[in-house]
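Think of it as A, B, C and D in the order they're written, each chain with its own count starting at 1.
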Amino acid sequence: MIGHGFMGAAHSQGWRVAPRFFDLPLAPAMQVVVGRDAAASAAAAERWGWAESATDWREVIARDDIDLIDIVTPGDTHAEIAIAALEAGKHVLCEKPLANTVEEAEAMAATAATAAERGVVSMVGFTYRRVPAVAFARRLVAEGRLGDIRQVRAEYLQDWLMDAEAPLTWRMKKEHAGSGALGDIGAHAIDLAEHITGQRVAKVSGIIETIVAERPVLAAGSGLSGTAGSDRGTVTVDDLALFTGRLTSGALASFEASRFRTGRKNALRIEISGALGALSFDLERLNELDYYDATQPADEQGFRRILVTEPGHPYVSAWWPTGHMLGYEHGFSHQVRDLVAAVADGTQPEPSFADGLHVQRVLGAVEQSSSAGGTWVTTAG
Amino acid sequence: MIGHGFMGAAHSQGWRVAPRFFDLPLAPAMQVVVGRDAAASAAAAERWGWAESATDWREVIARDDIDLIDIVTPGDTHAEIAIAALEAGKHVLCEKPLANTVEEAEAMAATAATAAERGVVSMVGFTYRRVPAVAFARRLVAEGRLGDIRQVRAEYLQDWLMDAEAPLTWRMKKEHAGSGALGDIGAHAIDLAEHITGQRVAKVSGIIETIVAERPVLAAGSGLSGTAGSDRGTVTVDDLALFTGRLTSGALASFEASRFRTGRKNALRIEISGALGALSFDLERLNELDYYDATQPADEQGFRRILVTEPGHPYVSAWWPTGHMLGYEHGFSHQVRDLVAAVADGTQPEPSFADGLHVQRVLGAVEQSSSAGGTWVTTAG
Amino acid sequence: MIGHGFMGAAHSQGWRVAPRFFDLPLAPAMQVVVGRDAAASAAAAERWGWAESATDWREVIARDDIDLIDIVTPGDTHAEIAIAALEAGKHVLCEKPLANTVEEAEAMAATAATAAERGVVSMVGFTYRRVPAVAFARRLVAEGRLGDIRQVRAEYLQDWLMDAEAPLTWRMKKEHAGSGALGDIGAHAIDLAEHITGQRVAKVSGIIETIVAERPVLAAGSGLSGTAGSDRGTVTVDDLALFTGRLTSGALASFEASRFRTGRKNALRIEISGALGALSFDLERLNELDYYDATQPADEQGFRRILVTEPGHPYVSAWWPTGHMLGYEHGFSHQVRDLVAAVADGTQPEPSFADGLHVQRVLGAVEQSSSAGGTWVTTAG
Amino acid sequence: MIGHGFMGAAHSQGWRVAPRFFDLPLAPAMQVVVGRDAAASAAAAERWGWAESATDWREVIARDDIDLIDIVTPGDTHAEIAIAALEAGKHVLCEKPLANTVEEAEAMAATAATAAERGVVSMVGFTYRRVPAVAFARRLVAEGRLGDIRQVRAEYLQDWLMDAEAPLTWRMKKEHAGSGALGDIGAHAIDLAEHITGQRVAKVSGIIETIVAERPVLAAGSGLSGTAGSDRGTVTVDDLALFTGRLTSGALASFEASRFRTGRKNALRIEISGALGALSFDLERLNELDYYDATQPADEQGFRRILVTEPGHPYVSAWWPTGHMLGYEHGFSHQVRDLVAAVADGTQPEPSFADGLHVQRVLGAVEQSSSAGGTWVTTAG
């Protein structure tokens, strides 16, 4: 595993727990954590249960006893590491967003395609696909239960930047984070909309906005938080993105990604409206899926709150009895399960680097549209 | 109309509005308001749109041009007025509870039964039966959609007495109100449970409790509120009633009536659990009914929030298009509609005085059980 | 009252009921209903309680005993009637949208401004401003409880056109309805966003879309529904509008108006995110307002479901005790109350024709932006 | 760990995960799983990550290298194992209910008290105390935020037995399970009510009921489910318990435990009503706590949905950033954390065996009251 921040903890939990609850065809060994700082990496390895630590990812990639590289570093380093790993014949799990630019993502996807011919597997970490309610939503759409999709609304709402005095972290600098709300959380909304509908966003029109443009520089700390210093610096990423997409079927999807929606903590929400029904999901209530069946008698129609904790629901039978809730991190175990299964089978898992590249293109198109005053921009490569 | 408090306003609104939205077979004329105080009665008649006012209800009952008496006085006067009116051949609508004691209610029901033979109609004002969601719930149960009823939970939760310094009003004195939370709001919970299930509560075990036993006496004011004086008096009714009932089918129903459920303003809630499904209703969201259909595939089951605003729902087609909400007072128009239809048809409407008597017997049995330390008491006459 | 469709029923209810619950400074008399068809007008007058009916609105406007004209006809007739009425010195209440085109609305607003100098009062019927929860939301914003507004989301979601075989009615023809979802329901979302924030939408970027472009022509029926014939016609209005507005303060607001959001019946929703708090409202639960107070300790913050039924809430004390719900039509009584008060005071009520004109300009700008491929269009006159 | 069913999986997950997220003063080693069947125990050890397996719990208790015994067997075996372990000087974590009878529980509590004098630690596994929202609720009550407690409602609603053809498992036989809904889930409701209020249930009045009295015998399977055979057997435990308790402060608490509440999967709900506020919790939405602050202005009061995912909330800072949800199993990690801390400190953790005994006494008193026709029965020892 390259990197060991918040995502490193989540991925480690996935690797540790998945083999206990799922019958995996291969037994993953948590071998080595890589980080720039030797002491921090060693501490992370100790804390999260990896056998060893290292500071040079190139050396780790070169090792024969390493089969899979899990990349959880900031987005600006993804391309270099992933490409090197794939070229070295290592399977790769790369945290989202795939990269910070479309160009990097294109190179990664091309490398992944070539590597795939040699049986090397790659996957991008849009973990929310593997929340049972989301996977179940996709199943219902695929089964035609919603009929033709007429409209999609997808939004990812947080408020953790609403304090104008919260300090500048790497997530607010374009050179590290690539983009702000758009790339960090909007990417999830795009991926979910595409994943559940089975369609692509073909073109977009929208705007991105920095609501608080200057912030105190970071004096100390890392990750999502830190301590403010007395100097001020410029936020170079967006706080808010509002855009409309045209899906491949022709239906419109409207998107929002915001870090300023006061009171919303982690509200990745999607509602799909179809000719025969509708679905509504909110990550703040991730064990539930609201389903509306418009084929029932008019007097009996209503949004149905399904607790997605039945054995028949995706991934659920591995865990607890009906009605026992899963949390945020379970998606990481599901990701490990599907990835390990793909490695064993020699199949390519989803979401692929090509999927990740496409999301990157949508992000890029939104930025372009915003710069061009809202005109429609295609997401074609 | 005898009386003109809060209930007088609600009944007046029913008489005024019902003819506009429903095609009534008879055209009700709002003739005379009766109250002890001449000036207050005249003002009420003016305010609520009655042609005249009077102070002697006996004189009004004696009038040939009066066909129907609507009783909205406190419970301790219901029996005398209703019996006199029925004996005078007048149709009677009597606000709930039917009476303050089982004895009075028995006399009223007997008189109503005799009067019915002469085509005189009587009805007790359990208005919540006529909330569309409640009427729809009853229809679903009657159609067998829930299968055998296994359990009922019915509760009426308010918090308007939670301030221990709120003054003593007539509703807190047994001699006027008959009982407290039990009779005032518990009666609604009982009636709803019986109405929706189509069953009776055959016996009960429970406790009633006065949480705040002393309060400042009322210096001025009336109705639900008023100003506190400096002396203190004793609350002689219950603040809280908790009881279990055995329905005629054998299923258990648990009940609560409380004026001390902090934060609950008007939460008349009922949940019916059956072998094939369940229903859940909350008066604080009175345009909604939650329905659970246990005959659907396990993965697709969930409580379905039905907006009871479709034309096919009871009473709804008379009002607004789908999705336009009704309020508290619409039940009073529905009550007028059904009462006038019954008068025109010569049929006896529901809830009858016999229904009201039965509720009274349940209330009495709860008080008896409470006095007897929780033992089961039959509600049979 | 000119016109007597669904809106005629609602306005009539307002005129009938308001004087019973509010102490009005003037006593409105429901005098005459005007409609093209004599029999239908007479029936409407009878049904809705007007003293007489007529077929020529010009004659009615000319009458000395008529002080106020209430216009509830389709939008294409508003301008002619309202201008004539105002010029004749009659007070005017005009149902929204003010007109079908910006040009008409400009003429109306100009006439209203001139008439105002002579003490003639005009008002446009954005009734939802007078839902107590909405009026309370505006109060909280005006008191600074939300701090600077950072973002607004306003949407009006319905699904009554989701059946592709529902027939073409006048609401789907541009020549009568002016626009589709945008003007019919989007106008409410715009007005609410402006009303609650106290700001204007200064420019917009967006798209309007017709999802089902051909429908069976109407064989019989009127209003919101009707029977389908065998021929097909073209829908000339939008089914869906998605747009972003820049408020005068600089904050972004995103809007949606749709008649294809499966399962949403009347979901006029608005969420305001500010530096100190947030508000969230949904017309499907119109007695509730969700309020988030970000000035409280972090551990205790949460969206608070306020039942807007307290005596201190706007309009509520006139009605029922705490916890007794109001419905859709109560807004019409509140509108009558405020209008009559303005007439008595000689002040101009809100929303003014100028407010209505501004909404019209926003609607026009959205259509322009959509035609121009999403570019930003100013709403300035 | 003695036993390895569903609870064994949950406890194992706690032991495995807690050291990764919490800084434990001691490093627990997952040593040995004990079960009657050697092969099954070995498989469980392998699956859940224990170093070895055994079939004789007495031998394991006798081992010097074992410091702590975790008991997850059915209730009828708890007493013997726990007493032996405590007498052998081992710390004990015992799954709830503490025992199947009051007598056994008394013996266990007495042994635990004696063992405590020698520094041996014991704890009973009412894990739901350690859901962050529950721990936070207790903190709010302890801080006086609710004022005097006036009323409690606690219910645990499930529906997994609603199918009358579901087979008889050990949980439906009194000799193994001790009781049915009452002991299995009602025990949680009692413990939560006592834990959050900091009070005891002093006496009870109630009824227990078997709704489906005969079921097909179990042909194969174990745990919560299994396959039905053709013979029928008698259910000897309750399906439903309804009872009222008098708390030590004098306030009334009403309880329900049911396996027949159609559509409710795991609804452990508690609502506490106090003079200054109220709290409401539902395990089906375990990351949320509804809090009502009655000290705020009347117009601004409302139940506030607090997402209990802030760093200041109990246990939360060890996990993910704000807004990232925890699941069912996290409580087991919290239990491990608190237990290990107690072992290290030499303090006695909560809930103690005395707490478990008290719950057992409440359960016994409910059964007695039910047999005695609803009379009040004290829970004093």
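Criterion: a residue touches a chain if its C-beta (ideal position, glycine included) is under 8 Å from a C-beta of that chain, and two chains touch if they have at least 3 such contacts.
Note that the coordinates shown come from a computational prediction; the quantities given were computed from them, not determined experimentally.
Between the contact lists of chain C and chain D, the overlap consists of A, B. By number of C-beta pairs in contact, B-D leads over the other of B-C and B-D.
Using mean Cα coordinates as chain centres, the one most removed from chain C is D. Inter-chain centre distance (chain B to chain D, centres taken as mean C-alpha positions): 41 Å. Rounded to whole angstrom, the centroid-to-centroid distance between chain B and chain C, based on C-alpha atoms, equals 36 Å.
Residue positions of chain B with contacts to 2 or more other chains are 301-303, 307.
If you check the complex, the residues on chain A that touch chain C are 146, 150-151, 153, 159, 162, 164, 205-207, 209, 211, 240, 242, 244, 252, 254, 256, 258, 260-263, 271, 273-275, 277-278, 292, 294, 301-303, 369, 373-376.
Across the complex, chain D meets chain A through its residues 6, 10, 12-13, 16-17, 20, 47-49, 158, 160, 224, 265-267, 283-287, 307, 309, 320-330. By the touch rule above, chain B contacts chain A in their complex via residues 136, 290-291, 297-307, 310, 312-313.
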